[in-house]
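Presented sequentially are two complexes of subunit A, the first with subunit B as partner and the second with subunit C.
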Partner chain A sequence: MSKRSSIASWFYILLLVVAPMNAPAQSKEYQIKAAFLFNFAQFVNWPSGAFPGTNAPFCIGVLGDDPFSGALDATIQGETIDNHKIIVERSQNVADLKNCQMIFVSKSERKHVAEILSALDSKPILTVSEVDGFAERGGGINFYLAGTKVRFEINPGVAQSDGLKISAQLLSLGKIVQSAKEDK
Partner chain B sequence: MKLMFLTCVVWMLAGTISILHAQDNSPPSGATGTNASPSAAAGPAVYKNMSLEQLMNQDVTSVAREPEPYGQAPAAIDVITSDEIQRSGASSIPEALRLADNLDVAQKNSHDWAISSRGFNTSLADKLLVMIDGRTVYTPLFGGVFWDQQDYLMEDLDRIEVISGPGGTLWGANAVNGVINIVTKSADETQGLYVEGGGGSELHDFGGARYGGTLATNIYYRVYAKYFDQGDEVLTDGSNASDSWRMAQTGFRMDDDASAENHITAQGDFYASDEFVTTGGQAHTDGGNILGRWSHTFENDSDMSLQTYYEQTYLADPIPGNTSPIILKPAGTLFDDLDTYDVDFQHRFHLGDRNNIVWGLGYRFTHEEDIAAPALAFVPGTMDQNLYSGFAQDEISLGRNLFFTLGSKLEHNYYTGFEFEPSGRLQWNITSNHMVWGAVSRAVSTPSRVDEAENIPSIIPGVPFLKGNTNFVSESEIAFELGYRAQFGQKVSASLSSYFNYYDHIRSTGITPGTIIPFVFQNNLKGETWGFELSMDYQILDWWRLHGGYNFLQENIYVKPGDEDINDGFNETADPENQVFLRSSMDLPYHTQFDLAGRWIDQLTINSGATLATVPSYFEMDARLAWQATKHIEFSIVGQNLLHAQHLEYGFPGPDTEEIARSVYGKVTFRW
Partner chain C sequence: MNWLKKLPLKRKITLVILLTCSAVLLLACGVLAAYQLFDFRRTLVRDSIVLADVIGKNTRAALAFQDENSAQQTLSTLQSEPYVSAACLYDANGNEFANYVQSGSGVQLPAHPPAAGHYFELGHLALFHPIILNGKQIGTIYLQTELKGMYNRLRVSAGVALLVLLGSCLVAVLLAAPLQKPISGPILVLAEAVRNIAQRKDYTVRVPAQDSNETGLLTEAFNQLLAGIEERDKALRGEIAERKGAEGKVQSQLARLELLHSITRAISERLDLQSIFQVVIRTLEDNLPIDLICICLYEQNANVLTVVGLGTSGAALATQLGLSREARVPIDENGLSQCVRGRLVYESDVSGAKFPFPQRLAQAGLRSFVAAPLLVESKVFGALIAARKQTEGFSSGDCEFLKQLSGHVALAAHQAQLYEALQQAYDDLRQTQQAVMQQERLKALGQMASGIAHDINNAISPVALYTESLLEKEPNLSARARDYLGTIQHAIEDVSHTVARMREFYRQREQQLALTPVNLNQMIQQVIDLSRARWSDMPQQRGIFIKIETDLAAALPPVMGVESEIREALVNLIFNAVDAMPNGGTLALRTKISGKPARLAQVEVTDTGIGMDEDVRKRCLEPFFTTKGERGTGLGLAMVYGTVRRHNADIEIESAPGKGTTFRINFPVPAMPAGAPAKDAAPFVVPSRLRILVVDDDPLLIKSLRDTLETDGHVIVTAGGGQEGITAFRHAYERKEPFAAVITDLGMPYVDGRQVASAIKGISPSTPVILLTGWGQRLVAEGDIPAHVNHVLNKPPKLRDLREALAQTLSSTKS
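Right after this comes the complex of A and B.
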């Protein structure tokens, strides 16, 4: 019994080693971040003036290179926020995304953060990024990794001054940061 | 044969599901649905239905099972993640420890377990150091752990790090064959309301709740409470073992993240439990602990932490009467009351470009009072102990990919005075995905109250049947280890750890010349053990992961030439030579998870004191099916030890031996 079982287990482990390996699909990190974006949309209230019309969609803009590889589209597909259908728009130019309610600023734009934020200043748009210091520089929410887990910083002053209402639950889960003195 | 059969069944089942899934082009919620790893529930369709709090607890690495820095630690470490604990359906910490490939976990009855690593898994096993959030939980009564006193909401466990092999250099006495470090989540990771409840055939009913909130910006807290009612196990003939167990526990944790340089944690737990004992009577235990820790990061990339705790435990344990004609004592109750005060300081800094130094100081004071039962006493009944310790360790970079770590602990304990526990470790990162490590270490198991103060009276006044030995010395070990850890592509990771250990001064039992009794504990055994532990994870598909583990152990413990042991060297071991673990984790459509875990445990030889007996090998299987019905509610059903109505894991086989029955329970969890 003992010997045969050992052989069986070795065989099993061997099978695992030689079985073919598939290429990775969407990264788990960005699937999780996409789900965060979807959650942010639910935990923030936009003023009615943020939408061009009552039937207008809720737009999530991706500015710069899209790191989500389809995970964001898969996340929001068929979903609505307060009866606004959620859509994703992509652009390399912030001006194209000014009708969006949320803009994800890709890492590829890290050198242009100041220009982007000044272009969006005082508009009711929630800016989200993953560039170090984004929230301190006047961004709304910034992802960072704590070990292997996704965390976010939130700058409540910026968001609220633009007319957005952020739920207490979101504030309690994020790390609160304030705008650095030299900005604004 | 059964294992072969199961292997085939799992593969066929997997193949079938894989085909079905491939044909299913319209998964729920319109999402693509098959993109993430099952280790954390799969794909955008699943993540988007998670609460923020759940999202914050997802590991972004899908294959690396051991988040940094564990993946790079030059030791035989197996990290059990919170996700694995949830998916296993474990309802207690000992059940969760079955997930570690480098442990031997044997359940004795409803409320007792024998848990060890690399052998020596006896009733008085004393070679494992167990900590919960930095609090050492082995008892100075026998150097082992009362596993029935260690509980949490499984939901609030962040991870369990199981290190097999000696850890004495960092952790001190008793870390001879392994260290188990149980870590709960930080309070900021447990925000919001969580409620669970359920019941079943063995775990009759249970419930728990936790609420986490903020006291001020970036200052988080949680409070929790739980209870359970564990039913009776069975005797060999299938009759009721009358060993049911009820326990309630409550506690809190506060984490202050307000400043970047300082982190403050305060936490405490209080519990009470009642256990029926199959030999008659009812055990009661209660206790609590309170712990504070301050960590500070300095500007030059160095840090320190200062921790202190107080713990109180109380045990009233029914001791059966002894009908041996030379003892003849009635049943009674042993009371053990223990207070522990502990302070621990640690500092880490860099010296030059090549040295990463950690050093620390510790002090522990214990006050223990034992009130004897007629058939079991501790003499003296009251004992105060001081434990002073210090350690230093230097990790030296010998090159870009080669590290040498040298260190030692120096301890002063009540029984044997100074103990020295040095180790040297070499780590070579061949590539970023392949690492080889080796270590040579010395570790000791210092005497416990059992070794020095146990006293079983006889019918002759003043002459005990068995007594402890005030000259008992520390059991010592020299360990040689060699390990390899690798990541093959994106999907396969593996770890192999091998060891060769020399032991000396292992506990034996001798006679008193001339009168035979009292029997007395001595240090007359020595020996060697060797073996290896293999772990492997394979992410077959984005939604399906397999895990395999194999643990091989050889022990050769013998009486030193010219010395004696009335147990012929058999009393300190009760270990399976081979253990095989297989697990499958699947994320299926409609927000369901399906997990299977099989384990084959080899036979083990156990000593009754007079004759040897064998606990037969067994194969058992656990399963869990969970359905995340909405973002807030999850239903699950868990089956444990499904293959047999009952089976024996530990204990001397006989009509009165307790066996473990098949168990099924249902659970509902609610998060807000």
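Right after this comes the complex of A and C.
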């Protein structure tokens, strides 16, 4: 009894120490993810036709529930991509985000991944999500957690077929996946 | 830099070339090296920046997506860069993100990157390069590059430069050897010539002509210089030789002067001729190469030179020549006669001489000689002769020296002679002075004695007059009275004799006293009696007995002499004999006749006393010589000797210590025994009743004279002083009652007897004046009978003498 209780008490103490960091840890993951979203934009080249005009902003769309709780806005604050101002648009409907160059598909939309991807098929829009199998199913980039570290997988075929050019460096960092044939 | 100055010219030139080359090359290499270093560093920095940029770009994504593994992989590609020892990636916050450390380098990475840029640190270059993504610095890359590579490359470059330098130097040396020749060659030739000249002092050497550039000019100038030096050297040598010769002459002259000086000094310290000559000869023998030297004195009358000084070294030669000491050298015509006329004679070669003296020298092997006269006050008194075996043995300097020397020698000899004479004169003077002093003493004593004698004579004069008068004129006297008066008369005579002897004590030689025949036997009896007190009474008081013996030759002829002197001499001899016998003995007096043709009357005084040694015997007759200390005057025997000499006699002294002494006086006996003009009582007639003036300051004498003369029947007028007497005479003369005669005393106050006599003769020249004096005998002795005095009578006067004087003077003045 004594031994068990001692371990329990240690664990409890650990909890006491770690607990206050839980909520920020949650938000830190999304801070990183927000930063990654911005970084993706820097390592991917969009065709000129992807923008409605030369002065059109670079739009990052968040589809579904926004998990960033302001981290994304903070990240892109004052930043530009190839002289394009960056803006964030949020919508529950994919059609609203048809002018965005990058769309983050929230977990809340995990049931609608197929429809969303098909709606955006052949459009120069980089899709990013955090839903398992998103890349295999035809998404561009999908976050996953390797331990505490945020990592991502890339489906370069999908991404490049839409006229996007993904930097080799980015490719070398991400886990390369292919579209599942059966799903197609 | 001294070593550089000492370097030979060739090496110096080579060294200059080398140094110049090296300096230029080193400068070039240095600039190159600096530039290379600078370039290397710039290149290195640039390369590093490029590398950092590439790596930065390649790790941008990894940084952006925080993929350390990817970054690490990228950095590990640096393994292919050997000089990159470490690299490090820092994120935007400066935290280390990934790193690379070359294995084995052990590099410490900086924890935080400093500002971007590059820093050269010890052994490496540190470069911090920003990593930019989309215009934003997302991190920093740090690259540390080893400088080893650069250093290696620099080292290689330095090696190459060194090789080039060495090579250049070698080339320079090789080139310098032939190139320097035109410069150093002529100079070396000149230098060699100078060295040879300096070593060999040979100024006849000339440097061969060279090119007509500066060295040519130098050579030409040098040759001209040499010619000048050669000329001057020659002149200088000549002058030096001349000076050396002159100096030698001066030296020898100085040596001679020194010699002359030393001889002069030596002889000036000597005062006898022989020693002066010896010094001169010895010094000359020691200092000059002379084989024979001698000094001769010149006898003008005999016209010979007498050798008085001879050198020892030439003694054998001199003997061979017959020139020993005291040898006499006749003056021959040409050589020595010139010398004795005061000229220095020099014969440079006598081998062919015709005259005897040079021939003599030549026979003895001598070839040259000098004869220098010894001259004093232009009179030659000797000669200095020096001879040598060589011909031409004397230089003019030698001759001059000998001449000078002979002058000095002559002077010194002259001085020595003068000194001797002076010494003699001085000795004589001293003796004379002593004798004079003694005589003065005696004279004073004599004067005193004379005064006493005068007073005594005055005092006893009345006694004598009265006694004689009484005995003569009083027939009625009792026998006893007559006897008494006779005794008084004898006593008075004795007193008068004693006083007379006392006077003789001081009396000078009475040359004019006529010699009278003296019976020596009688004389001896007299002196025995006279000196009885001395030989009998005085010794007996001391308990000493002296026996007197007489041995008188019976037929001893009388000798001519002064009785008193002979008596005195005999008394002196007796006193001497008594003094010689302090413990008694026998005193013998003898007279003898020596039977030789020249007959001699001998008187011997012999004692048995202490005797005299030879020295005393020789000197005993000298005045003031005495063995009696304070008691003796040293005059006794001197007086005896004087007396003996005055009587043409001689004295012999036989004596030996302890053996007694005999004095023997040999009187010559005159061939014709002088007929003794016995003073007979010549009959004389005194006129009676004469008016006689008696002048005397002694009333007693006046009274006695008046009494006695009146008894004879004369008329007597007396005067108590000179002036009174003259007045009385004048009055009587004027009254026509002149005095027949005047008897006056000599010594009177105010007007003495002489003045009285002259006054009387002034009034009446025919009136005889009889001078009565206590000094009568002395006046006669000194030939001092005053003018105007007809007769002198001694005090005490005797009546008989008085009468005789009156008779004589009256008869002579009448006639």
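Here is the rule we use: the second predicted complex is superposed on the first by the 158 of 184 C-alpha atoms of A that agree within 3 Å, B and C clash if a C-alpha of one lies under 4 Å from a C-alpha of the other, contacts with A are read in each partner's own complex, and residues count from 1 in each chain.
In this section, a residue touches a chain if its C-beta (ideal position, glycine included) is under 8 Å from a C-beta of that chain, and two chains touch if they have at least 3 such contacts.
Predicted model, so just to flag it, every value in this text is computed and none were measured.
Asks: For A:Ala95, is the partner it touches subunit B (first), subunit C (second), both, or none of the two (neither)?
Replies: In the superposition, A:Ala95 contacts neither subunit B nor subunit C.
Asks: Classify the contacts of A:Glu29 with the two partner chains as first (subunit B alone), second (subunit C alone), both, or neither.
Replies: first
Asks: Does the superposition put A:Lys149 against subunit B (first), subunit C (second), both, or neither?
Replies: A:Lys149: touches subunit B and subunit C.
Asks: On subunit A, which partner touches more residues: subunit B or subunit C?
Replies: Counting residues of subunit A touched by each partner, the higher count goes to B.
Asks: So, A:Ile81: does it touch subunit B (first), subunit C (second), both, or neither?
Replies: Second partner only, subunit C.
Asks: Is A:Ile176 in contact with subunit B, with subunit C, with both, or with neither (first, second, both, neither)?
Replies: Only subunit B is touched by A:Ile176; subunit C is not.
Asks: Quick check on the output: what are the common subunit A residues between the subunit B footprint and the subunit C footprint?
Replies: The overlap between the subunit B and subunit C interfaces on subunit A comprises residues 32, 36, 39, 43, 79, 149, 169-170, 172-173.
Asks: Touching residues of subunit C toward subunit A in the complex: what are they?
Replies: For this pair, the touching residues of subunit C are 58, 60-62, 64-67, 70, 133-134.
Asks: Once bound in the complex, which stretches of subunit B touch subunit A?
Replies: 1-4, 7, 29-37, 40, 43-45, 47-48, 50-53, 55-62, 64, 67-68, 188, 191-192, 213-214, 217-218, 220, 257, 488-492, 494, 534, 536, 538, 540-542, 546, 548, 550, 577-578, 580, 582, 600, 602-603, 617
Asks: In the complex formed with subunit B, which residues of subunit A make contact?
Replies: Residue list for subunit A touching subunit B: 1-2, 4-6, 8-13, 16-17, 19, 21-29, 31-32, 34-36, 38-39, 43, 70-72, 74-79, 145, 147-151, 169-170, 172-173, 175-176.
Asks: Which residues of subunit A touch subunit C in their complex?
Replies: Interface residues on subunit A, with respect to subunit C: 32, 36, 39, 42-43, 79-81, 149, 167, 169-170, 172-173.
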